[in-house]
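Here come two complexes built around chain A, the first alongside chain B, the second alongside chain C.
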Partner chain A sequence: MKPGLAIGLGLALVGAFLASLTLGAASIAPADALSALFGAGDATLRIIVIEVRLPRALLALLIGATLGLSGAALQGLLRNPLAEPGLIGASAAAALGAVLVFYSGLAAMFVWALPLGGILGALAAVGLVWLLAGRSGDSLSLILAGVAVASLAGALTALALNFAPNPFAASEIMFWMMGSLADRSFEHVWLAAPFMAAGAWLILRQAPALDALTLGPDTARTLGFDMGRTARGIVLGVALGVGAATAVAGAIGFVGLVTPHLLRPLVGYRPRPLLLASALGGAVLTLFADIGARLAAPAEELKLGVLTALVGAPFFLYLIYSQRRNPQ
Partner chain B sequence: MTLRAAAFAIVVAAGLWSGGGGVAAAAPERVVSTHLCADVLLLLLADRSQIASLSYFATDGNFTTEADAAQGLPLNHGLAEEILPLAPDLVFAGAFAARPLSFLLRRQNIPVVDLPLADSFEEIRRNIRLVAGLLGTEARGARLIAAFDAALPPAAAPDPTPPVVALYWSKGYTPASASLAGAAARHVGFVDLGQALGLDGAARVSLETLLLADPALLAKAGRDAAALADLPLAHPALRGAFKGPRTVTIPDKLWVCGAPSVADAAWLMSDARKRLAP
Partner chain C sequence: MSKLVFESVSARLGRHLALQEVSLAVEAGSLLALVGPNGAGKTTALRTMAGLVPPASGRVLLDGQVLGETPASLRARRIAYLAQDSQAHWPITVWDLALLGRLPHGQRVTAADRAIVERTLQAHDLMSLKDRPATALSGGELRRALLARALATEPDVLLADEPTAALDPGHGLDVMAALRRAAGDGMAVVVVTHDLGLAQRFADRLALLHEGRLRAIGPAGDVLTADNLARCYGVRGDPLGMLERIDASARC
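Moving on to the complex of A and B:
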């Protein structure tokens, strides 16, 4: 990554993170909020900043980074500019896995069941889409398989919520489909962060192979890269990260799609620097979306996916339009 | 007569009128309830043989103190196809419940009574009187009201600066001051958060707003089955800010409905107030 881009993204990330700590339902002066972070000020202020805002900002950062990285990795592996965790059904299937363990009460008995449920759901979806459409590199069958998997997972999620014992459950489909970080705490950070870190490590290990893959699978193979291994690493890495992220925050769409496309020209169209740049960019985008979600409608918070989709969907349409005009 | 009482009288009169005047004369024999709160009062006031069907919430121990008593009775989901074959001679519905059902039943000349909401202790007594009167079990109703009055904790002495209690429910809602929970809070000498913050009716209160308001007592709703709606209640920030005696959990089922169990909720609040440092 070019130093200028790295510094720019880094500054944006720090700015978004600090903004996330200083803006919220309670009006607290930014200086007071930041000093509360370091243990100064009264106890209530410290609790608001450290227990309510800090975990939320950390989750937005980690989840955004996971989605940006996953989108860049999937686009590189599938050599398909439309690939991203939401469109290939991974997020919806992760939500289904999390819903099943959460509302059945399993997650209350065994805390790790929540991220594990999300990971298994995501793994099933990414694995299925890869088997059906991954190898061919055909955009159409990939997107069709993803749509089918996402619809099925969405329907099963609605079904599971209808049968959940808590009467509030049925109305919570909004959260699982659109995502939110409202009222999340450090418990959710600890639950998701280890899996997101492991997923990122698995994906980043495949970076050299992704670079080689831009020359075509055969060339990559002659350069000594085992493409089967690369695919397994990325599929598992995406499942770990997106599964854990979705289990604590619901399905957040389009971050994984938009971020790599925005940054690709800035890194010279090379997958390896794009991975890190997309992780940083995804974190910035999600932090800002989360700030928007809590400020736009303080009483009834907007869902995070509403904001990311408002930005992402028009961009997606533009992408399709420009692809039609300039077929590769 | 207040506007509210007038509206209520019209509702009851309409219910009796659509029955063709026969209800008041003979005690009904096949009574159906489609509403949780009518379920509770039926179980407390009716002969078991009078009950033809209760709503499907009647056996859910998360929402009603009378779940055990409801075991074994037929349940309905408020659907006309379930209720018409029972040939009921009296149907209780909620004030905000399935309108089309009430319309359909009334067209079959089945009397439908909309049980009004109870937002105060007096409205609990009124509802008991109403249901007992329609069932022909007035003496049982009078005994239940006496038992409720005896079960209430003593009213707190007037306090110019009452401590604030945050009634904090699912999704971070705090109920209106004009509610059973608000009435119980006032009875034992608290002012509720909605009133303290000047909120209008039931309102959502964010964790940050709640923490900044710093009420003396946090009275959380309690329920078993998991839902994201309970995330704000389970947030560690609340455990940190409201330690030990500053938190009390009050099961929803005690004051979901206007029934004598509200006295138990009032006692939980009263005991919690005594535990707060003076």
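Moving on to the complex of A and C:
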């Protein structure tokens, strides 16, 4: 990544993070938010900033970075600018995992049951995709298997909603389908972060192979890269990261699709520098989207997943339109 | 001196035995043209040389070492492969495209890598296009850029699958001349081609494949006999209508 872009994205991230600490139902001046962050100032402010907004901002940052990184990695792996983390079924299956845990009553037994259900769901989806697509990592098989698994997970989630025992259960299930960062705590941060870090590590290890894949899988293999290993690393990394993200915040769409697309021209279209740029950009976008969700309807908070879909879907349409006019 | 050897190699394409007991050797500093009709097994032979297809039986040796037992990273430094339908999937610049050829030598781009890429691009008259997106190149320019990528690896063996396909006769001659120069620099070069005129003109030896078997190998005169042309290609007459590249000043 060029130094200018890294500095620009870094500054945008710091700005978005500070804005996330200061903006909301109670507006807090940046200086007060900073002093509260370091344990000084008014006690109520400290509670709002440290207990409520800080974990929320950290989660938005981590989830956005995970989605941006995962989207860039999948688009590079599949050599398709329309790929996104939902494509391999990880987010749909994570939502299903969480819903099943809730539905079966396990959620009431221990606090980690819901998020763990999400992560297990994502891992099960990857296992199934692997089984369907085979070991080769061929991109068409991966896409088809991912679409099949995502559809199945979506259908099963709808089935659970259909037979929800009571309205409370139905609304809880809806939460996983819409995605939100409201009322998240540090427990959610600590639960998701290790899985996201492991996922990012798996993905970043494959970064040079993504550059080589620019010339197709055969050339990448003759440049010394094992394409099966590359596909496995990226798919598992995406499942861990996106599974953890969905497990703590529900399904948040379009960040993984849009972010790499916005930043690709700024890194000279190379898949490798796009990974980190997209992680930073995804974090910035998600932080701002979460602030928007808070401010748009303060009384009855707009769900983050709804907002990203409302903004992201028209962008997706624009993408298809411009691709049709300008095929690469 | 490097040497790529096929010892009675058979290879499968799915269930079909596309290559049957082929034995041949390519010496460093020489250019071998693999010729033969469609479906003869030329591409499978080249992909087997590149390590993309494991031999079903027989051995592929690089300097006496079994190719399949050579670590992938070492193989990538020694053998460069130019696929038939190679293209850039993202609009990266010609410079970044050629730089991909240095990936087998390490994942950090060094000053030495940049110097080699610059030299290669200059040698192929591509420096003026270095900032052009690879997806905005003409067919001939893209072929040259992809060849520069393969040469930037500085391999011992260069394998090119139909590098002149879809090129006009002038650009075809340019690409073959570049491959000839690579052989002159000491590489073992193998080219799959349907252009028998170019093969005869630029290759030291031709290997004629037909239905997966090696029918003849040697100098063009010994391989492209009327009998072989009739049996393998089903044609007669002189297939070698030769073209010469003329000076730029005399072109229209």
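Here is the rule we use: the second predicted complex is superposed on the first by the 268 of 328 C-alpha atoms of A that agree within 3 Å, B and C clash if a C-alpha of one lies under 4 Å from a C-alpha of the other, contacts with A are read in each partner's own complex, and residues count from 1 in each chain.
Definition applied: a residue touches a chain if its C-beta (ideal position, glycine included) is under 8 Å from a C-beta of that chain, and two chains touch if they have at least 3 such contacts.
Note that the coordinates shown come from a computational prediction; the quantities given were computed from them, not determined experimentally.
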{"item": "Which superposed partner A:270 touches (first chain B, second chain C, both, neither)", "value": "second"}
{"item": "Chain touching more of chain A, residue-wise (chain B, chain C)", "value": "B"}
{"item": "Which superposed partner A:164 touches (first chain B, second chain C, both, neither)", "value": "first"}
{"item": "Contacts of A:221 with chain B and chain C, given as first, second, both or neither", "value": "second"}
{"item": "Touching partner for A:208 - first (chain B), second (chain C), both, neither", "value": "second"}
{"item": "Chain B versus chain C as contact partner of A:52, first or second or both or neither", "value": "first"}
{"item": "Partner chain in contact with A:172 - chain B first, chain C second, else both or neither", "value": "first"}
{"item": "Residues of chain A at both interfaces, chain B in one complex, chain C in the other", "value": "none"}
{"item": "Chain A - residues contacting chain C, complex", "value": "79, 208, 211-216, 218-219, 221-226, 264, 268-271, 328"}
{"item": "In the complex with chain A, residue positions of chain C that touch it", "value": "47, 50-52, 72-73, 75-77, 79-81, 83, 85-93, 96-97, 100, 103-104, 107, 133, 135, 146, 149, 153"}
{"item": "Partner chain B, residues of chain A touching it in the complex", "value": "24-26, 43-44, 47-48, 51-53, 102-103, 105, 107-108, 164-166, 168-169, 172, 175, 182-187, 298-300"}
{"item": "In the complex with chain A, residue positions of chain B that touch it", "value": "170-172, 203-204, 206-209, 211-212, 214, 223, 225-232, 235-237, 240-241"}
